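Have a look at the structure below, then the notes.
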Amino acid sequence: MSDKKHTHTHQLQQASRETRHEWYGKTITLASVVGIIILVVAIIYFIGQRGLAAFTTDHVKVTDFLFSADWNPLDGKQYVGAAAMIVTSFLVMILATLLAVPFALALGIFMTEFTKKRLTKYLQIMIELLAGIPSVVYGFLGVTIIVPAIRTIFGGAGFGILAGILVLFVMVLPTITSLTIDALKGVPAQYRQASLALGATWWQTTSKVILRAATPGILTAIIFGMARAFGEALAVQMVIGNAVLMPHNLISPAATLTSQLTSQLGNTVNGTLANNALWSLALFLLLMSLAFNLVVRIIGKRKG
Amino acid sequence: MEQYLTQIAPEQRSLETKNLNVYYGGTIHKLHDVSLQIPQNAITALIGASGSSKSTFLRSLNRMNDKVAKVTGQIIYAGIDINHKDINVYQLRKQIGMVFQRPNPFAKSIYDNITYALKANGVKDSAVLDQAVEDSLRAAALWDEVKDSLHKSALALSGGQQQRLCIARALAMKPDILLLDEPASALDPVSTAKLEETLKQLRDQYTMVMVTHNMQQASRISDYTAFFHMGNIVEYDRTEKIFTTPRVTLTEQYINGSFG
Amino acid sequence: MKRKNNAKLQNKIAMITIYCLVGTVCLILLGILGYILGTGLPHVSWHFLTSESSSFQAHGGVRDQLFNSLYLLVLTLIISVPIALGAAIYLTEYARDNWLTNLLRTMIEVLSSLPSIVVGLFGYSLFVIKFELSFSILAGALTLTFFNLPLLTRNIEEALRTVPATQREAGLALGLSYWKTVYGVVLPSALPGIITGIVLSAGRIFGEAAALIYTAGQSNATVSYTDWNPFSPTSFLNVMRPAETLAVHIWKVNSEGLIPDATLVASATAAILVIVVLIFNVSARALGNFIYKKITSAR
C-alpha cells in the first residue's frame, strides 16, 4: 500500500501524456482561429490596397469617384465617377427590401402566431428552399420570366432596374423572413396574454405589442436583407442591362457596383486605370459590408 | 459558529482538507475554511440543504472546479498537497474517480464506455480490456444484466443501469477514492436501493465520499457524516452519532427537519 | 362602441392581408420550382449529363461542369472542414471571455457578411495574380473555403453546444485530457449536428458562382477521365486546370448567348442544380437523424 502510494506521489507531480495532449489540442485549434483572423485581415488589406490604387497612383479624386456620374475610365482619370452605380445599387437595394418587408412580416406573423403545426412546418421548408436556390438560378429566372414580362408590359428591352428589384426581392425574402421569425419568437408569451386580457383585438396586440417588442430584431433582419441585396452580383448582372447610366426610370437599363465588377473585370488589363477603378468599386462594396456589420452591432447593443 | 469535527487517526486518513475555501467569480465566497479528515475504506456522507456548498466541496477534491472557481487551502492526499498548480490533475483524477448527479454515459457502446479511458492510457491488449470490463461491471453489479449486450449503445440502458455503468466506468480506472455527487437523485426507488447495495459492497476496497440530499440514505449506508450549512462545515462525526446524538444545535434542527 | 367595431374591422383586414401575402409567397415558390423543373427536366437526358458542352453549336452537355462542381465541392470540404472544426472547438471549448474571442467573433461575422463577389475578387488577386496559379480548381477551392468557413464554423459550433456539459465532465473525471475528451467524447456526440451542418454548407458551395468566375475560371480545358495521374495536365484530377462549374455555366451561357440552345441548356442546368441543392437540403437532416439513431440505439 505504502509502496503504491509512493509511486502515485511521483506520478502526481510529473507531466504526462495528457499534459502533452492538452498543449497539442490548444495549439491546433488556436491555429485555425488565428488562420481565420489572418484571412479576414488579408482580405481587407488586399482589397483596400488595390481599391486605393486608383486614388493614390492614378490620382483620381475621391469626390469625383463618389459624386460624378461620368464613368469611362479608359478615357482618363476625370471619367472615374461611380455615382451612377452607387445610386443604382442603393436604389435597387432599398426598393427590393421595401417590397420584401411586408411579405416577410406577414410570413413571420403567420408562422409565429397561427399555431397550425403542419402548415408552419411546410412554410419553414419553403423558406429554406427559397434560401437554398442558387443565385444564378434566380438570375436565369429573371432573364426568362421577368425580363420578357416587363418587355411586354412596359415595352423597351426589359432588362433594367425593375427586373433587378424583382429578382432581389425574391432573394432577400427568405433572409428577412427567417430572421424576423427569430425576432418574433423572442417576444415573451406573457406580453400577448396580458394585452389580450386587456380586451385588445388580435391585430391590436400583434401590431402594438408584439411587433413593437420585436422591432430591434426585425430591423436587424432588414439590415441583413439589405446587405444581401447590396452584395448580390450575378443575378443582378444578368437582368439589369449593364449600362452605366444614372437611373431615370425603373425600366431603364443600369449597372450596380457588383454587376459592373462582374461583367468588366475580365475585360481590363491588370494595373491599368480601368482595372484599378473597378477595384475601387470592390473596395466600396467591402466598406459597405463593414458598415452593415456595424449597424447590426449597434442595434444589437441597444437591444441588450 | 458552533462546530464539532471528529478526528480520524493519521494512518486511517485517505484524504484531508485543511482550510479549504472556494470563491466564484473572484468575489462570491462559497466555501469557508473547511477542514475535514476522510477515512479510508469507508463511506463518508456529505449532507446539508441546497446551497450549503457540499457539492462545491466534493468537486474541489478532484480539482473539477479548476476552471470555474478559485480554491485555496490544502488537500492532502498520499502525503502531498494536491491543491497545487504543479499537480498533474489528469493523474490525480485517475486515482480520485467521480460519479455525477445525472448518469452521463458516453454516446458509445457499454464496452467502449468502460474501455475508452483505458485505451487512452495505452492499454491495448484486448484480453486485459475484456477482463477490465467484466471486473468493473461485476463490481458495479451490472454484469448479469448487460453481459449479452456489451456492444449495445449505453444510451439504451435505463437510468439506474446507466448510473451503475458510470460507477463501473470509474472503477475500471482502479481509483483509490470514489467521489459521488448525489448519485441517486435522478433514480427511482428500486434503482436507488440497488445502487445503495452496490456502494455497500464496494466499501471494503474503496474510500467513498458521497453528497446526498436524502438523510435516510446517509444513515443507511454511510459510516461517517459531515453536515454542511451555508458554506461552512458544522458537524462531522460517525453517522450513528450525527443521527442520534448530534452535538451542535443546528445539526439537530436539520436532522429533525426544522429547515432544509 | 364605434371604436370597437373599427378595431374588429381592422383585425379582419389585417388577417386577410396576411393570408394574401403568405399565399402569394407560396405561389411564387411553387411557380419557381414548377418552372425550373418543368422547363428544365425534359431536357435533362443521359446524353446531356455525359457529353461535353459545346461553344457554338446546339446539343452540348454538361459532363465536365457536373464533374467540376463535385470535384470543387469535395476539395473545398476537405480544406474547410478541419479548419472550421478547429475554430468551432476553440470557440466552444477553449475560448475565454477576452479580446481574442471578441476579435474572432467579429472577424467571423465580417467574413460571413462579405458579398461573395468580394471574396472571389480577393481569391483572384491573391491566387491568380499574386501566386500566379492562373484560373484553376485549386484557386477556386481555396476561395470557396473562405466563403464557406464562417457558416460552417457557426454550424459546427451550434452542434458542439448541444452536447451537455455533463459529457465533458465525465471525460475529465476519468483523467482524460480536455482535448481527448473533446475529440473522443464531445465530437462523436455532436456528429449528427456536424454532418447536418456540413451537408447544408455543401448545398451552398454547389450553387455558388460569383466567387468562382475569377478564380476557377469560366472555361474548361480538355480533360481525360481515364488519366488518374493528378499531375498530368490533361488529367481530370489535375487541380491546376481551369474549371467551369454548373452554376458558372448557367451564367456564362446566358450572358454570352453564343450557343443557339442557350435557354434550353441553361434551364436544364438550372434544374440539375436545383435538384442537387434540394437533395443536399433534404438529406442534411435525414443523414443527421440517421447517424443519431445509429449512435443512440442498439447496434
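A few remarks follow.
Per-chain residue numbering starts at 1, and chain names A, B and C are given in the order in which the chains are listed.
Operating definition for what follows: a residue touches a chain if its C-beta (ideal position, glycine included) is under 8 Å from a C-beta of that chain, and two chains touch if they have at least 3 such contacts.
Remember, it's a predicted structure, so these values are computed and weren't measured experimentally.
Here C is the chain whose Cα centre lies closest to the centre of all protein Cα atoms. For subunit A, the chain whose average C-alpha position is most distant is B.
Between subunit A and subunit C, the centres computed from C-alpha atoms are 16 Å apart. Taking each chain's centre as the mean of its C-alpha atoms, subunit A lies 53 Å from subunit B. If you average the Cα atoms of subunit B and of subunit C, the two centres end up 48 Å apart. Annotation for subunit A: residues 17-19 touch two or more other chains.
Under the contact definition stated at the top, the residues of subunit B that touch 2 or more other chains are 90-92, 121. Multi-chain contact residues of subunit C (touching two or more other chains): 175-177, 180. Of all the residues in subunit A, the ones that touch subunit C in their complex are 17-19, 21-22, 24-26, 28-33, 35-37, 39-43, 46-47, 50, 102-103, 106-107, 109-110, 123, 126, 128-130, 132-137, 139-141, 143-145, 170, 173, 200-204, 206-207, 224, 227, 230-234, 237-238, 258, 261-263, 265-266, 270, 279, 282, 285-286, 289-290, 292-293, 296. By the touch criterion given at the top, residues 5, 8-9, 11-19 of subunit A touch subunit B in their complex. Residues 62, 64, 90-94, 97-98, 100, 102, 104-109, 116-117, 120-121, 149, 151-153, 155-156, 166, 169-170, 173 of subunit B touch subunit C in their complex.
Considering their complex, residues 164, 166-167, 169-177, 180, 184-185, 188-189, 295-299 of subunit C touch subunit B. Those residues of subunit C whose C-beta lies close enough to touch subunit A in the complex are 7-8, 10-11, 14-15, 17-19, 21-22, 24-26, 28-29, 32-33, 35-36, 39, 82-87, 89-91, 93-94, 100, 103-104, 107-111, 113-119, 121-122, 124-126, 129, 146, 149, 153, 175-180, 182-183, 203-204, 206-210, 213-214, 218, 247-248, 250-251, 254-255, 263, 266-267, 270, 273-274, 277-278, 280-281.
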